[in-house]
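Have a look at this one.
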Amino acid sequence: MNNEKISVAILGATGSVGQKFIELLSDHPWFEIIELAASDRSAGKKYSEAVNWIMTTPLKEKYKNMIVQKCEPELKAKVVFSALDSSVAGEIESTFAENGYIVISNARNHRFDSDVPLMIPEVNYDHLKLIRKQKHKGAIVTNPNCSTIGLTLALKPLYDNFGIDAVNVVTMQAVSGAGYPGLSSMDIYDNVIPFISGEEKKMESEPLKILGSAKDNSIENAAFKISAQCNRVAVIDGHTECVQVNLKSKTKPEEIINIWQNYKSIPQHLNLPTAPERPIVYFYEEKYPQPKLHRNIEKGMAVSIGRLREDPLFDFKFVIHSHNTVRGAAGGTILIAELMKAHGYLDNL
Amino acid sequence: MNNEKISVAILGATGSVGQKFIELLSDHPWFEIIELAASDRSAGKKYSEAVNWIMTTPLKEKYKNMIVQKCEPELKAKVVFSALDSSVAGEIESTFAENGYIVISNARNHRFDSDVPLMIPEVNYDHLKLIRKQKHKGAIVTNPNCSTIGLTLALKPLYDNFGIDAVNVVTMQAVSGAGYPGLSSMDIYDNVIPFISGEEKKMESEPLKILGSAKDNSIENAAFKISAQCNRVAVIDGHTECVQVNLKSKTKPEEIINIWQNYKSIPQHLNLPTAPERPIVYFYEEKYPQPKLHRNIEKGMAVSIGRLREDPLFDFKFVIHSHNTVRGAAGGTILIAELMKAHGYLDNL
Amino acid sequence: MNNEKISVAILGATGSVGQKFIELLSDHPWFEIIELAASDRSAGKKYSEAVNWIMTTPLKEKYKNMIVQKCEPELKAKVVFSALDSSVAGEIESTFAENGYIVISNARNHRFDSDVPLMIPEVNYDHLKLIRKQKHKGAIVTNPNCSTIGLTLALKPLYDNFGIDAVNVVTMQAVSGAGYPGLSSMDIYDNVIPFISGEEKKMESEPLKILGSAKDNSIENAAFKISAQCNRVAVIDGHTECVQVNLKSKTKPEEIINIWQNYKSIPQHLNLPTAPERPIVYFYEEKYPQPKLHRNIEKGMAVSIGRLREDPLFDFKFVIHSHNTVRGAAGGTILIAELMKAHGYLDNL
Amino acid sequence: MNNEKISVAILGATGSVGQKFIELLSDHPWFEIIELAASDRSAGKKYSEAVNWIMTTPLKEKYKNMIVQKCEPELKAKVVFSALDSSVAGEIESTFAENGYIVISNARNHRFDSDVPLMIPEVNYDHLKLIRKQKHKGAIVTNPNCSTIGLTLALKPLYDNFGIDAVNVVTMQAVSGAGYPGLSSMDIYDNVIPFISGEEKKMESEPLKILGSAKDNSIENAAFKISAQCNRVAVIDGHTECVQVNLKSKTKPEEIINIWQNYKSIPQHLNLPTAPERPIVYFYEEKYPQPKLHRNIEKGMAVSIGRLREDPLFDFKFVIHSHNTVRGAAGGTILIAELMKAHGYLDNL
């Protein structure tokens, strides 16, 4: 690996996920943002004038005067991170891929295309090879839904070691998951909203593809049932989930905790820049994990778990927490790009 | 029924539930608070000086100058509402009952005494007769835990019509459930705490006694399993619960909704002053019920339900909401007293 | 006064102030809403389908099936309450007035028209006569800004009894003042925003017109200076304001408190339905007033005051609080209509 | 300066300020915490068992097993940071100083002792010499109140360049300023509390000592008047203040902004480890500064300022913001220690 950074662009650079990409990539050792693209309304403006910057670290000088580009395949960077809204992401991402760009997307549109990997680098790094089947000149790789990622990362060691028969999950999700401006303060303050459009269906299907087996031309889904109930709560960042599981083989809590605590995967072995040292952090304190205390653990890239115990109806229940805009969106997507780079998918662009 | 009101006293009158009793009883047609009792630290002071009044309606003048009494069985009122902390409630309530007082308690201490009814007036009015077995001169009747009440009220028509095999519940509970001062603002603001001490065990056991059958000397519990996971969220009042059920006989969502919407019980037939006209209110809007919009429905005495749908793992799932300090504490306890009065249990004191 | 209610319509009926009008007028003894009007986007729909109802009391049945009208002067009701957004209110209100309608408006557009009264019924009931100078067939009367009303009501007795030389005010305003959806939860949760567009200018000018003298053709403004600094805080309803004053003649705190506590004006003498019994409520507790405890005092129509004390730089400082969507918007506007009715301005329409 | 770190101890190590000291000193280049002391209740326990750790970065391993000491002058470290509660700080700090310890305190007790410097290193570094007049073997130096520090830092360049005649300030203060557990969530959520005990008096007096001149034996206070009004708002960290000033000589906003932006003082010249590069950061955006966006600027050690404009009653008004537990407590106190070290006050202990 030489010292030259790979040029990248952000599609949908003015939205909240786009901003998080910029924040996380501003000192990245491998990638350099050279272009910021957004809707026609923003295109042509200086980025600092087009954006309502809501990150809590200030916008770096080097991005302020970048002129926002249109989301058209005339960008110089050949690797593009997509933070586009799902209302436009489908077509734009396809167009970029057809024109030879590598599109690594946080949008939901292509997640279930049979030849598109739905990636959590620790979990299904081997699904990457699927992109060789894509008929584009370029490629599309997708990141799962924010509430799926923490869950699936927590399930992976259980799936590998014991097999899974059923998963029941109830979420308490942060407002930042709804984008910006997202929820009105009048709606969510002092409130719980027990519904997030489309979210339950995503949680009931995405983990099955991610935990599935890469076959020649597609993924064979994992074969267990998931029930999800999704709630929005008055938390800024970080999704908390109450999880119950039935396993195929018997085990004890201590064994599960031990497996979680020692869990490492390819991103850790490769020492990828954004990879958490510990992808899973287990807490013994019965009131943990909590968004406020644990969302930033491992720079927001770990899933925190606690309260593993036996359950009257399922084998076990436990609580997980993960940062929805870092591991669950921009950070997770960057980790995919790092895995692709490490495995040679970004060479010779 | 003559026009004279029954004199009552409040034990634990300075705490948050005690205050709620005072607020709800201040214009009650049947009961008149004549004494306010609290800890030795408060006894002897004017109530307005002993209390840190946190209700959002002002303290009525007639209570301000009442001298706080000790929690000893020398009160003139023979009916006492107990809002005592569980650290002291057990013994004090027993002492009052032994001395001939009717104790209607919101504390958890006597809930599982075999001869003490654990009451939700709509659900198990017939359990009241159990108090005739008590060896006190007086009697103790208890109100369930705040998170149990809404759940059990929602389950009752299902239990009666279809039978229940299993219940899974995950709660998102308001801070007022922890009393005052309860949770530090630094702990719960922008946070979820996935643990409430003792709460899950209460939810997994109390509904079984309440839905049980009154036998000669005790209650025969209902025979199904419950799994509960309890979370504290940044909501002031109102508990939201995601519920899943397996039923003994088959049915369809429309049938369940129909049964819920038409549900009435003894408190409605007797037209008790605090009884909600509709104990169960069903909402078809998929984002309902919500604490902010629905906690005060039917003056805080109804359980709101929404999102009934089929579930991949259980037969059905749905969301319930109820006001934890009204239906779930003071209001529910007052309704028990009203039922007792209507059934003659408060005559000749 | 006969028993027939006056028919009224709401312009801008789907917004948050429009909804508050409907909530407050649903059982009004004098007025009956017969028409709901809104933007072309909503016109023609059933109200229940056009509105995202965010009030905490449920929408009454009688309004659900009303067909939303356009905001054009073809309404049957001759008295219209305007909750229109200021981007369109100016022209629409003029058109209605030209066509003979009585427009009582919460919008800012006509507040400083020289022949338009800017009304707080307790403060400047005599300004109403100004409408006789209006060249419309109908009339326009306006309600002040939400943060102005509480302040001016608190200042009125000081102005009358001692004269005012200077007023300094710093506000902490609720999110509901920004309409719906208003502020993003991501912007205001765990935050203070020290800027509200246009608000400081309103607060520095409106009280001077309201406290001014009605001359033949216009108002002669009160002659003192006001400095305002306006902040948005994470409160749902209720504006809190730290106020400092210099008075023209000397006085003592006790005298001011006494005057405030005994303050009554025309709406109280006329016993108008929406008039608070006590327009000003003074609290001696040093931590009062507070939004959560006091916004609903006198059904949201009073200004609460506390902490009156001498100041190192001004004569006195104190804290005021008032409900921004009741006294500060819909409730205040309805009180104007009641005053107009009581004084014969709504006869023979 | 050799490479050996100076050993320090924390008094009051289990409280929220004590925890912040530990968090900020855990990798300090000059100081090494060797002892943690707290109340008798905690003494003798492992720190991890004595503390309810509420910082958002995890407690470092090296502190977990430290045995908590009593707050008695038998500690090995000769430099002690005091995070003691004011109910006990006065006496304990005196005892330590009498026994030869250098006490650098965040408590209010000794702030107005005539021979005790009340320090903001940028503002009054020359007051340090006052400790040579102390009759202790050791010394006491104090850090101002959290709401004073941001204000005084913002005023210093105005005081030096133009002179100050009067200062008016209204604060909106974070809950963390009240310590832990501090405010009940039921009191401050959806609320403003317009009173903080003792706070206004501190703000009206402390800046005058800090901006005063060091004379032979004491400080001659600055001679202008301050009026303060202090409010608690629903913000976790960061105090916002609306400030008005009268200056002795005329100037223009641009000149003031220019002076603020270029302000540097001794801690910057000495490049002290905790010194912010920019002690004052000015924002031109009219909705800035805000707690959520700016509290962590310069690692929480800067005061953010915005909205400087002319005022109808004073010469100018503006908004400031600073982090109350970093610059306003532990961080500010550490900066004092660094200044003392750099100036030789910590040699030969």
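Should a chain be cited, it is by its letter among A, B, C and D, assigned in written order, with residues numbered from 1 in that chain.
Please note the rule applied: contacts are C-beta pairs under 8 Å (C-beta built on N, C-alpha and C of every residue); 3 or more make two chains touch, one makes a residue touch a chain.
Bear in mind that the values here come from a model prediction, so they are computed numbers and not experimental data.
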Pair of chains joined by more contacts [C-beta pairs], A-C or B-C: A-C
Chain separated most widely from subunit D, comparing mean CA positions: B
Separation of mean Cα positions, subunit B and subunit A [Å, integer]: 42
Geometric centre distance via CA averages, subunit C-subunit A, whole Å: 48
For subunit B paired with subunit C, centre-to-centre distance based on mean C-alpha positions, whole Å: 40
Per-residue multi-chain contacts in subunit D, two or more chains: 54, 189-190, 234, 236, 292-293
Contact footprint of subunit B on subunit D as seen in their complex: 16, 54, 175-176, 180-190, 234, 236
Touching residues (chain side subunit D, partner subunit C) in the complex: 166, 168, 170, 172, 190-195, 204, 225-227, 229, 231, 233-236, 240, 242, 244, 286-293, 306-307, 311-314, 317, 319
For the subunit C and subunit B complex, residues of the former touching the latter: 54, 56-58, 189-190, 292-293, 296-297
